[in-house]
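Chain naming follows the written order as A, B, C and D, and within any one chain the residues start at number 1.
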C-alpha cells in the first residue's frame, strides 16, 4: 500500500488544548486523539481543514473505557484522517457530529445501538438495525455469543 | 425464562449480556408451530372430501405440483442464486415455476437466506397470507439452521422455528440446480401425499 | 363457408331431440320437438361451443406468449408439462381452482367478488360479438363494432371496484391508475375506429371485413392503425403501458389481494382482452378472414379455412404485442396520460380527417396495389 | 387521495433485499421517506470478534453477496496491515483481477435488477446469462459461484488454473459486445430516457455532505475513485480512467456504471497479460501455520496453539462496486481480531434517501432506488 504524503496541516495550532495526541498511522495522515469535551470545535476545525467526507464512525469497547473513532477523507489531500476520543465507560457521551457532517446520522445511531455511546444533540437517536425495544448493545465485550444449542426459542400461540 | 406467561404473542428468547434470558422479539397474534400444521391438515382433508372422486383427485394433484408459484422475495445471498435459477441458463419456468410478488397468488415460499428476528413476524405474516395449500422450502444453510450466522444474536437458527418446512436444501448458497432439485423433490412430495 | 356454427348447433340439437322424441309417447314427443325449444337449446349449445373454443384459444394464447417471451429472453419457457409445455396453463388453471379462495377481513364483500366476476363476464361477452369468420358469430348485428367497444370499455369500472374493495393501498393506487389510463385511451381508440367507419360506412364488422376483400385498411388508414394499436396496448395493460400492474412499485397492482380462482379470473380476462384486441386489429385493418386469391378454391371452401386464416393473422399480431413487451420499458403514469390526451387524440382526429379525405377523393382502390396478401 | 404512509418492503419487488422504505405520499407524489434497515442484520462485526483472521473471510463473502471478492479484498487488506504482513506481488495482481471481475459481475447484476424495475424484462435475463459466464470463471479458480473464501491473510488460497487467462479473455471479448447491446436496449430507447433523465438528482455538494460515494458521487461530476486516489494492490500499476458523468441523475449513474464495466475490462486485459508472464508464489513466506497454511483447518482444535502477534491497527479502504468501503481492524495480539468495523457504502447511500427521493413520484422510486444499487447484506452487515 502506497503511503501518500500527509498534507501539512498544523493540527496543534488549529486544535489547541483539545488535542491530546497526534499518532502516525500507516498509509494515512495519522490519528488525532482529542478531548471529548471539545468535540464540536474539533469537528468544525477538521471539517474546515478540508476533511469534508466522513467515512465512518466506529465505537470500540475497551472494557475500562470506550473509544469513538471518526474516519475522515480529504479530497484535496487525498488522504484519510482519524479522530479518536476516549469516553468513560459509565458515562459514554460525546457531542454529535451531525451538525458538521450530516452523514453522521446513521453512523451515530449504529454506534449508540451497538456500543452504547450517547451522542448529545443527535436529532433522531433510535434503533436502526435492531428491532425497537431491544435492550442490549451487542458489540460490548460483555455481550457473549452462544451456540444455538444454548438457545431456547419459544414460539407459542395465545 | 423470565417471560411472563400471560404475555400475548410469540417470543423468541435469547440470553443477553451475561444475564439470564430476557425477551427479545415479540410477535403478536401468531400461530404456533402446532397450530399451523393442524390448520393445514384440516384444510387438506376438506379438499380431499370435496375431491373424493378418484378421477378428479389425481388431476388436481398433477395441477398442483406442476404449477408452483414461489413468492418473489429475496432475503440474502441465496436470493441471488434464486434469481439465477430464473435466468437463461437454468430457467425455472420450464417447470412452471413463476415467481409472483403478492403472497395471495403463491403456493410456495422459498426462504432464500438468513432469517433475522426482526423479519420473523413479517415472514409469518406472509406465510399466513398465502392461501392453502402451501409449501415452504428452506433454501440454504441459513434458512435450515442459521448457517455461518447461527451464533449471532439477531439470527433465527432455522426457519422451521417459525413456519413448517417441507424441503430443506443444503448449500451456502445452494447452486441453482440444487434449488430446482428442491422444487422437484417437493413435487415428489406432493405426488406421494395422501389427501 | 356456408355452414355457420349456429346452424350446426341448431341441427345437432334438432337431431338429438328428434331421436329422444321418437322413443317417447306422442304428447311428449310434440313437446320435445317443439321448434322454440330446439332454438333455445341450440343457442345454449352454440354459446357453450363458442365459450369453450374461445377459452381454449385464450389458453393457447397464454402458452404462445410464454414460449415466445422465453425465446426473446434466450430461454425456453414452460416445457415440462405436456408436449412443449402446452398443458402448463391447464395445470395453472386447475391449481388456482383448487386454491383456497378467501377474502381479506377488511375487504368489502360485494365488491371483492363482483369485480373479478363482472370483469370476466364482460370480457367473455366480447367473444359472442366479434365474428371470427362468416357464420361464426351469433348472427348479424348491425352495430357489432360499437357494441364490442362499449363492452370492452366496461373494464375500468370493474377493475376500480375490485381495487377499491380490496382495501389495500397498492390495489387502490393500481385501480386509480387503471381507471385514469383506460379513460384516457378510450377516446383515441374510438376515434381511430371512427376512421375505419368513415371509410367502410358501416358499424357491422362483417361488412367491414367484406369491404377489405380487395384492399386492407392498413394502407389508407395507416395512422389510424398506429393510434389504434397504441391505444389498444394501453387498454390491454401490457408493457409499455402496464402501469396498473407495475410490478416494481405496486407489487401486483389492482390484483394484489386476489388469490385462487378470483386471480385466475383476472389473468384469464386479461388474456381474453389481449386476444380480443388482436381480433379487432385484424378485423379492422388486416382484412379479417378474407382469403388470399392464390389459395386454391378447394382449401377456401373448407369450412374452417376462414377461421384458420384469421387466427394466423391474430397470432401474428399478438406476436408483435409480445415483441413489444419483450423490448420496451414501462412508461410513467403522468407521461402516459400526457401522451394520451395531448398526442394520441390529435393524431386520432387527424386520422379521421385523412380517412374522410381518402373517401372524398375516391382513391381507395389505389391501395389495392399495396401488399396485403388479399389480392 | 389524502396523504398516507405506505410500506415498500420488506417483501416488495422494488427492494431487492430485505429493507423497508416507508413512503409518505400524496396521490403519486412523495412527501417524505424513511428507510428502515436491519432486517438482514446478522451481527457480522460481532461474529468476527469470535473468529480467526482467516475465518472472517467466510463472513465477508456473505456480507455483500453480489460483490464477495471485493469485500474479501477489503478485509484482507485491513487484516494484513493490522498483522504487519505483505502479500507477494502475484497475489496482489490476482486480487486486483478478482475485484475487477467482481465489479463487472456486480454491475451486471445491478443492470439486470435495475432494468427489470423499469419493466424491461429481457435484459434481466441477458444480464443473468452474461453474469453466469463470470461466475464460471470464479468457479474455475475458487470452486464456488458466489461465496469464494479465496483470499487469505498473506496472499490468496491457490494459484490460477492452467489456461485460465485465455478463457478469461474470451469472456471479456464476449462481454464487450454485450455491453453495446445493453446500451442499445436502454439508451437507445426513448421511453428509458424519459423514465430516467433528471430523476433522483443529488448534487455533488449533497453527495459529499451525506457521505454518498461510488457511482452516485461520480455521476455528480466528482472523480473520486479510491483505486486512483489511494491505490491499493496492483491498481497503481494498471492504466484506466475514472468514469464520470455530470447529470447527477439516474441516467448519469447508469452511464457511469456502464463505463466502469468497460474500464474494468481494460484493467483486466492488462492484469491478465501480467499474470501470463510473471509466475510466482501467491502466499507470503514465513507465515505462522495458523495464518499462512492455504488449507488451514477450520475447527477450533487447529488453533489450540496460542500465538502472540505484534499488536496493531489496520485500516483499509477500497472502491467497492457500490462505493467506498472501509474496514478498521484492531489487533490486540492473539488469533481473533479485537474489533472489526466496516463501512458499507450502501448503508450511507441509503441514509441520504430523503435527499434524492422527496418530490418525485411513486413510479420514480424503482428507477431511483435501482440506480442506488442496494445490497442489503452489505448495508445491514
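As a working rule, contacts are C-beta pairs under 8 Å (C-beta built on N, C-alpha and C of every residue); 3 or more make two chains touch, one makes a residue touch a chain.
A quick note: this is a predicted structure, and the numbers were derived from the prediction, not measured.
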Pair joined by the larger number of C-beta contacts - B-D, A-B = B-D
Task = Let me have the rounded angstrom distance from the C-alpha centre of subunit B over to the C-alpha centre of subunit D, please.
result = 29
Remark   = CA centroids of subunit A and subunit B: separation to the nearest Å works out as 39
Mean-CA-position distance for subunit D and subunit A (Å) = 23
Remark   = So, in whole Å, the Cα centroid of subunit A is separated from that of subunit C by 64
Key: Junction residues of subunit C, two or more chains touched   = 73-75, 247, 251
Remark   = Expected list for subunit B, residues touching two or more other chains, is 87-88, 101, 118, 151-154
Query = By residue number and range, which residues of subunit A touch two or more other chains?
reply = 129-131, 138, 143, 145
Query = In graph terms, nodes being chains and edges touches, is this line, ring, star, complete or other?
reply = other
Request  = Could you please write down every pair of chains that are in touch?
outcome  = A-B, A-D, B-C, B-D, C-D
Ask   = In their shared complex, at which residues does subunit D touch subunit A?
value = 37-38, 41, 43, 45-47, 50, 77, 81, 208-213, 222, 224, 229-232, 236, 313, 315-317, 324, 326, 328, 330, 338-339, 341-343, 347-348, 351-352, 380-381
Task = Please name which positions on subunit B make contact with subunit A in the complex.
result = 1, 3, 7-18, 21-22, 24-26, 30-35, 117-118, 145-146, 150-154, 156-158, 161-162
Remark   = Residue set of subunit A touching subunit B in the complex reads 129-131, 133-138, 140, 142-148, 150-158
Remark   = The subunit C residues in contact with subunit B across the complex are 66, 70, 73-81, 85, 87-88, 90-95, 97-102, 247, 251-252, 255-260, 263
Ask   = Tell me, which parts of subunit C touch subunit D in their complex?
value = 69, 72-75, 169-170, 172-173, 176, 239-240, 242-243, 246-249, 251, 325-335
